[in-house]
Amino acid sequence: MDNTQIQTIERESRIKKTVREVLRYLFLAIWGILVLFPFYWMVLTSVKSYSSYNSEYVPKFFTLSPTLQNYIQAFTAVPLARYFFNTLIFTLVTTGLMMIVIIFAAFAFARLDFKGKDIVFSMFLSLMMIPNELVIITNFVTITNLDLRNTYLGLILPSVTSVFYIYLLKENFELIPEELYKAAKVDGTSDMRYLFKVMIPISKPTLVTITILKVIECWNSYVWPRLITDDKNFFLVSNGIQEIRENGFGRENVPAMMAAVVVISLPLVVLFLIFRKKIMEGVARGGTKG
Amino acid sequence: MKIVLEHLTKRFPNRNKKIKDEVIAVSDFNFTIPDGKLVGLLGPSGCGKSTALNLICGLEKPTEGKIYFEDLDVTDLEPEKRGVGLVFQNYALYPHLTVRENIRFPLENLRGENKLTREVMEEKVLEAARLVQIDELLDRKPNEMSGGQQQRVAIARALVKMPKVLLLDEPLSNLDARLRLQTREEIKRIQTETGITTVFVTHDQEEAMSISDIIVVMKDGVLQQMGKPQEIYDEPINLFVAKFLGTPQINVFEGYIRDEKAYIGDAVVMDAKGAGDGDVYVAVRPEGFIVDENGPLACNFINREVMGRDTSVIASNEHFLGENIRAIIPSEEEVVPVEGCVRFSLKPHKVRLFDKIIEERIRTES
Amino acid sequence: MKKNLTAWLCLLPALAFLLVFMVYPLVDVFVYSFEEGYNFASQSYFGVGLYNYDYVLHDPYFIQALKNTFIIVIITVPLSTGIALFISLELSNIKALRDFFQTVYFLPYVTNTLAVGLVFMILFKKTPYSDGLVNILIQLFGGKGVDFIDGPYWAKMFVMCFYTIWIVMPFKILILTSALASVNPMYYKAAKVDDTPPFRVFYKITLPMISPMVFYLVITGFIGAFKAYSDEVALFGTDLNAAGMNTIVGYVYDMLYGNSGGYPSYASAAALILFAIVFTITTINLMVSRKTVFYS
């Protein structure tokens, strides 16, 4: 092979490579648009005025006269603030309680020795396979019988334990070297002090991940709240949005609906943008949706 | 503080639950660690030396036997009540705390009348840090330091409560060769300065020999020999101890005793006055060989490794147990193999005889 | 002894909640499913037997739900896994903008499915004021518009599957990109030195290496798709039976609560049928995987 031959081959492969690269980015960009477009559309529609939206037979892709009127209406015509507040309470209390419950349970499994530990733990594990759909029926009856329908307690109670998160946290606790515990014992550290001063700080990344995942789960939960609440005063945002869609703003007021959707989606999108790395890592480590 | 172990025994249930037999980690230990000494607990891995250490510090409770600190029976005392400091192979520093917070951690556990003020704690932390010479690094996190520095922090943390006994579990094993040398001198210095009775566990005989006042050799949970390093090296009581101490390893030949003379094959290698006839192992320290054209022990010359200070002669002999004989001779001496054969005579004080069946030392009159 | 006590105290909350809200319901759901003629108001029943199962299996709404669920499973699981694999491969081949694309692609995971479903509905719906954006696009390319939300069954099913795939994609892409990233680059270098063609690299190196993760996605994909429900509500409203778009889980909830609710026995029977289906499919999946998945 002489030099010119090599040059031709090199040029050809370079062209081929460039074409492949362009196609690749084109494809990825198309999927990106497919993902982002609904978000764009919801923001766009939410700032169009009711009249201009309804007069557009062919919807415009931008608007020159954005208005916040729809947002005002979303908060005044329907109790969106109430839904928001309910969801906030539900999310914070459920997540908080769950963290306490799972930290202690994982601590017992990972660090303490007690009779029957293996049996109890394998029973815990087998519960992981039980789908929520199977137990929700009785829980519905239980909560109804306890007169806890349309209360925060009824909303919160069934979701303050997660076998999966106990398992995840236990695994994480067990990564802490045995020697740390021995060293602490020799220094006279009590089990509880060891938990709070050593195990929890060391496992902070995992705890944060679990917290975020649980917050997402709570914020988006729909089925249980739907079953357990029919009083609008206890609706969460998901039920609220369904309510708005079905009997919301009188006539179909799409822009106002979209304004409500934007308001509801915003907190999690912001949370995601802040904790992007943590959330994605956490989910990749074995989080599942809902 | 003097530590006395009396019939100390620790048995574990077998990991394989089908086997009923228990594993004996420590078997009937009887010895006294004198006050203020640095004692090396030496043995191959799995010989129960770490268990012995855990028994002394109280992380494990003995199955039988007693432990005394001076005259106080501490057998059933919790670790924190014994006044011991413990250092681990992997340092066991709390990764989320700074060096200062790590060293302070044990002090913060003190409650009631022993509770210390912030200032006193700070003072004690500084004192301990200065002792191990890390007072410059107090605000670093463990992962920002070298292994040697981390180990010093661990020692400082163990010392900050002024324990009466310091226990070190393989403190040097995670360090690279250079740091290991440095840190072991450091441990010796700290021990001498504080005068705390110190027990450290190691599988490295060189490490044990170099800094211990007293070495305790263990095998399979059983105490083999206890004594000063040189004593144990020179006068091992059995073949195991002889082989375990010293690098390169002691050279072991199959031999026998006839008429108070020790033979390897047909060669009379030394006098064995007072020893009865029978099969023996003849064990020769590498430095016990003299290259001698008229020497009794003929070996096939294989190779020569020049180390600078001295030279290793690699040779073989049909009565030798194992791969090759390794003899160390001063580098000035020439080795001239004749027809592939090199002859040695042996220095009698570097040769030890062991009974072939029970592998115990056969004493000879000299 | 003291240690035992501490441990049990630590476990107590978790145990209590699990007992009340998981173990007891699990037993109870079987009991319900065999109690015939259970009356929710008086909490009484008049017989024990298989009637509830019989009723559910002959209920046209359940048959419709079963059919819908199976169509969703069969279409969305392979399609979403395949597309996700393709996207992840392309992602792992680029350097610039990779982080950006990954972030964008993950966005649907953190959004409220009910909320975004509403946007999809707006995009696909035909109203008196507007044909909706999607229909206008179809007309632009010379096609005939159709109401995807209130129109023919196939159109509704199309939006349904489209939305389901849109929703499950972030998780799959994330799992697959991290699986791809964990393949040791050494193998690719070795393949390059041997001048292995890209297709061969994919089939002989990449795919076997990530097969456990692909398989994990297939299993969880099946399970997830069989439990489809809230995406349907998001698009077609709460009265899924009327829309003819109900799913098995939807059927369970409808039996429990709502306009046609108050029948926990039927709900239990339907839930157990669903569980049996999911269990069977997962078992088959596991058996297939044992033969095809490479575990290092």
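Letters A, B and C mark the chains as written, and numbering starts fresh at 1 in each.
By our rule, a residue touches a chain if its C-beta (ideal position, glycine included) is under 8 Å from a C-beta of that chain, and two chains touch if they have at least 3 such contacts.
All figures in this text were calculated on a predicted structure; none of them were measured in a lab.
Q: When you take the mean of every protein CA atom shown, which chain's own CA mean is nearest to it?
A: A
Q: Going by average Cα coordinates, which chain is farthest removed from subunit B?
A: Here the answer is chain C, farthest from subunit B.
Q: Where the CA atoms of subunit A average out and where those of subunit B average out, how many Å apart are those spots?
A: Result: the chain centres lie 56 Å from each other.
Q: Between subunit A and subunit C, what is the gap in Å from one C-alpha centre to the other?
A: 16
Q: Just the number, please: Cα centre separation of subunit B and subunit C in whole Å.
A: Once rounded, the distance between the two centres reads 62 Å.
Q: Which subunit A residues sit where two or more other chains touch them?
A: In subunit A, no residue touches at least two other chains, as defined above.
Q: Spell out the residues on subunit A that touch subunit B in their complex, using ranges where they run on.
A: Interface residues on subunit A, with respect to subunit B: 177, 179-180, 182-190, 193, 197-198, 201-202, 204.
Q: Report the residues of subunit A in contact with subunit C in the complex, numbered from low to high.
A: Residues 21, 24-25, 27-28, 31-32, 34-36, 38-39, 41-42, 45, 54-59, 100-102, 104-105, 107-109, 112-115, 117, 120, 124, 127, 130-131, 133-142, 157-158, 160-161, 163, 166, 191, 216, 219-220, 222-223, 226-227, 237-238, 241-242, 245-246, 252, 254, 257-258, 261, 264-265, 268-269, 271-272, 276, 279-280, 283-284, 288-289 of subunit A touch subunit C in their complex.
Q: Give the list of subunit C residues in touch with subunit A in this complex.
A: Touch residues, subunit C against subunit A: 3-4, 6-8, 10-11, 13-15, 17-18, 20-26, 28-29, 32, 40, 87, 90-91, 93-94, 97, 101-116, 118-123, 127, 129-131, 133, 136, 166, 169, 171, 174-175, 178, 220, 223-224, 227, 229-230, 233, 237-238, 249, 252-253, 256-257, 264, 267-268, 271-272, 274-275, 278.
Q: Spell out the part of subunit B that touches subunit A in their complex, as residue ranges.
A: Subunit B residues touching subunit A: 57-59, 78-81, 84-86, 88-90, 92, 94-97, 105-106, 109-110, 157, 161.
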